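Look at the two complexes coming up: subunit A is in both, with subunit B in one and subunit C in the other.
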Partner chain A sequence: MIARKLTIWGALAQGAILESIRRKDMYVAVILALVMIGAAATIGTFGVHGLEIFLKDTALNVVNLLSILMAVLFSSRQIAEEVSRRTVYPLLARPIGRGDLLIGKFLGAFALSALSLLLFALVAWGALACYGLSLGVIFLQYLLLRLFSLALICAMTLMLSVFITPSATITMALLLAVGSQTFGRAVMLVDQTVSPNVQILLRGVYVALLHLDFFDMHEKVSYGWKPVPAWVPTELFFYALLYIGIFLIVAFLRFRRQAL
Partner chain B sequence: MTERLQTIACAAGILLALAGVSGVASHVGPIMEGGPTGISMAEQERVDKAASASLLGEFRSSTADFLWIKVDAYVHGGVAMRGVTQQEKQSGTFDKVGSGDGGKENGNREHRGDETTVIPSASHDWRGWYGNIEREVSPYQDMNHHTHKDPKEALPLFRLMTVSNPHFIPGYVVGAAMIARDHTKVDEAIAFLLEGAKNNPNSIEIAEEIGELYSGRYKRQYEAGMPYLVKAIVLGRGRDRTTLTEDEDEAFENAYRWAVLNRREAGDFAIARKVAQEGLKLYPEDVVCKEFLKEHPEQPGNAH
Partner chain C sequence: MNKTKHPDVNSAAVAGGPGKNTAKDVFSGPPALQINGLNVGYKKSAFAPYVRVVHDLSLSVNPGEVVGFLGPNGAGKSTTIKAIMGFVVPEAGGINIFGHPAGSTQAKAKIGYLPEVALYYPFLTPLETMTLYGRLQGLGGKALYDEAMGLLQQVGLAGKERQFLKTFSKGMQQRLGIAQALLGSPDLLVLDEVSSGLDPVGRRQLRLLLHEIKEKGTTIFFSSHELDEVAQLCDRVLLIANGQVVDERTMDAALRGGIGSALEDYFIETLAKHQKASPTTDGDKAKR
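Our next item is the complex of A and B:
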């Protein structure tokens, strides 16, 4: 049973990846990566002495932003396009459940996003290494947490895509992905200034809201901090797993009843 | 297709901005050598009135502000700080931020006790597990009695922020103080300030800082420094004191102090006494002026 499910999910994910390759999506990633190298090469022409932290910070920020963008774009159209092009009918005519379709698509989108992240990270690492700048072991922890974060973004975007239109999905997902930290900071700031009832409400929202900012260690990498203890990525893995589960279950509950 | 175009457009924008900033950075270089490169007020006004300047003016100032924040993060190892809210002040429930050396570290701004870390310590954090995680994944440490990192890394950013906004006075003043931490580069610091003075001829802070560097122990060029201290005093006296910012007021008081010390070292006690008396009229608690007058009281028939 499990083996069969894994085969189905694997085949669907593979299909999503192949479709993306056919659509030349990865070309965009490669072009962006090349532009990044070009930008870095411009810096190198004039020398980088004294701007190490600034360069690391900027490079990792670019990696973060581009990988989030790619993850949202990959996952927002997985279901919507299958429906609009009516290719969902032959898929569901096979012994494949709607839940399987969702999980397969999620895995496909995540695999593509992970590939993009690794590509961008490789470019950033390579460009920085060319100028003698090293990122240290903590860079691997940064990458691991970014992978968790991309899995979360893919699941969240996939869930949104079964509720709203693709354009709205992209907007909402980007706002949530980029704006969650701002909300968290705002809650922390106003915590003591509001009435006890509002305080309880805000704290509740804070705890319930997904904190994607916990998966971003780029500042620690840039400023050369030591790696974090193993319990941090471990607990964040379970935190991510919990929210991925919630997002996929909500998406399934909606998609199950959706008229195609 | 449209989505892909949007992706490319966004990314290209980010990368162009990156390339632009890096281009400027690389042109100026991290080492600030050579004489003043500022432009005249007339030229500056012409540049400021250009259509492109109007369009980019906001961006220019924002870039300088952004870099200013970055510099602060650099010297604090990335630990983010913010001002204390009124409620926190009243209740006292915030993490105090203070230099380990009591703020005497040359070149770094003083912590006046009105700051706290953006991420609170465990004792002031209601979030439990969430707080513990954030303190691990983000740059965080107890900032009470902290030391500053070598600001050498931040020097190019001061150059960038003053190129971006030539009227950004703190960029010149703090930048010069950080350059002057390396005592062999005091001339470089003065050159940077002279450029700032050319771009901001009415700045009390810049004039005072130039005078201070010339009069300090690494230059001891008292005659070269005195005109700048006098200029700072004249500029300060020409202003309504209630309109001075905190930084301007501090520079105004420092100008009196350094002018007294400058004249004392130059052996010109009469002028030093006069400056000290004038300074005390405006700043009655000033220790330097008080001490000088105590040690060198006016005696009839004595030039000293």
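Our next item is the complex of A and C:
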């Protein structure tokens, strides 16, 4: 039973990966990353010293931004395109459930996002190495947490895509991915300045809100911090797993009876 | 057959006529396809009125039968087929495939399906597409490779197994659609507009292939506007209009029928009679 499920999910994910790689979307993003990081790095060539932190920060911000963008783009079209192209019919005519299709597509989108992240990280690492800058061991922890957050973004985008149109999905997912981080910080800033009742409300929203900011270690990497204890990534793994589960279940509840 | 049988239904013909044993007479297991009181509708948007497309439709297909599902455009053929495949959830009624509810994995394991408009992944090759579907079907390894290559050859795609599908014409995609429907030797083939987009050579190849499949005892349920093809392949025809089965009869009876010598005459004249008998159902759909 488990082997059968793994075969189904693997086949669906593999199909999604092959298609996306052959579309060459990822290559454009890698070139973009090279240009952006390269442009930031040229500042160092004008003899400005003490810009190591700036360069690292810029490179990692580019990695963050592009990896979020790619995850949203990959996930938003997985189900929507299957339906609009009608390729969903021969797929779902096989002895698989709609839940299997969602999981397979989620895995495909996540694998593609992870691959993009690694490519962007390689570009950033290479560009910084050219200027003799190293990112330290904490960079690996940064990558691990980015992977968790990308899985979250993929699940969230996939869920949105079964409710709204592809373009609305992309807009909403990007707003949520970037906005949740900004909102979380804003709540912390105003926490002590509001009345107790508003404080309770804001704290409630803060707890319920998806915190992608928990997964962002780029400042620690830029400032050369030591690696964080192992329990931090472990707890964040379970945090991500919980939200991924919620998103996929909501997506399934909507998709299972949707007319195709 | 519909619950309220249309006066034109030829009961003797449906039973196969005197002295002729049909699959229905000799088979004792569950029907290959059984639909009871099916009602299907949809809303174009959240605030749009509900439109019922299929009305209280009932029919039965026995194992080994080849049944043509005929009707004018917008009659509800594709919607009924989508309900059989579990792509739409019926408002009421039941569908069973070899005793399993439609849409269940057990039912789908027995079906090979060709959609009305068959489109496939533009950046995959036919072989990769067949491998993907085969793996989902539970096949794998060399057996899957051999079967995929064999089917691609049978539908006339030999030598094109490794070309991206974005370079394929509609007819070539339809051939691939037929090949994927045959993967895993299904017990029931459900084909929606089977010859759509095929050139005359493709149609002949398809007809020969379907004859071969029929000889093996596979049940085939298909919709088509190509009445010659239906006449050559089918044991029985079901005629649907306004979401209801308005007539059903064996192919022999449809071709004799006292109406005309060709299936086209039967099709047009039966529909005209139905429209005359129930003018209130004119227009496409009943609204709720």
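One rule holds for everything that comes next: the second predicted complex is superposed on the first by the 236 of 260 C-alpha atoms of A that agree within 3 Å, B and C clash if a C-alpha of one lies under 4 Å from a C-alpha of the other, contacts with A are read in each partner's own complex, and residues count from 1 in each chain.
Following the convention adopted for this analysis, contacts are C-beta pairs under 8 Å (C-beta built on N, C-alpha and C of every residue); 3 or more make two chains touch, one makes a residue touch a chain.
What you see is a predicted model; the values in this text were computed from it and never measured.
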Fit or clash between subunit C and subunit B when superposed on subunit A: fit
Subunit B versus subunit C as contact partner of A:Arg257, first or second or both or neither: second
Touched partner set for A:Gln192, first subunit B, second subunit C, both or neither: first
Comparing the two partners subunit B and subunit C, which touches a greater set of residues in subunit A: B
Which superposed partner A:Gly15 touches (first subunit B, second subunit C, both, neither): second
First (subunit B), second (subunit C), both or neither touched by A:Val62: first
First (subunit B), second (subunit C), both or neither touched by A:Phe54: first
Contacts of A:Asp25 with subunit B and subunit C, given as first, second, both or neither: first
Contacts of A:Val207 with subunit B and subunit C, given as first, second, both or neither: first
Three-chain overlay, closest Cα atoms of subunit B and subunit C, distance in Å: 14
Subunit A-facing residues of subunit C, complex: 42, 82, 85-89, 105-106, 108-109, 111-113, 115, 117-124, 128, 132-133, 135-138, 140, 164, 177, 180-181
Residue numbers on subunit A that touch subunit B, as the complex places them: 25, 28, 31-32, 35-36, 38-39, 42-43, 45-55, 57-58, 62, 65-66, 69-70, 73, 77, 145, 170, 185, 188-189, 191-193, 203, 206-207, 211, 213-217, 219-220, 222-223, 225, 228-229, 232, 235-236
In the complex, subunit A residues that touch subunit C: 4, 7-8, 10-12, 14-15, 18-19, 22-23, 85-87, 89-97, 257, 259-260
Subunit B to subunit A touching residues, read off their complex: 3-4, 7-8, 10-12, 14-15, 18-19, 21-23, 25-27, 29-31, 70, 73-74, 77-78, 82, 85, 87-88, 91, 93, 118, 120, 126-127, 129-130, 133-134, 136-139, 152-153, 155-157
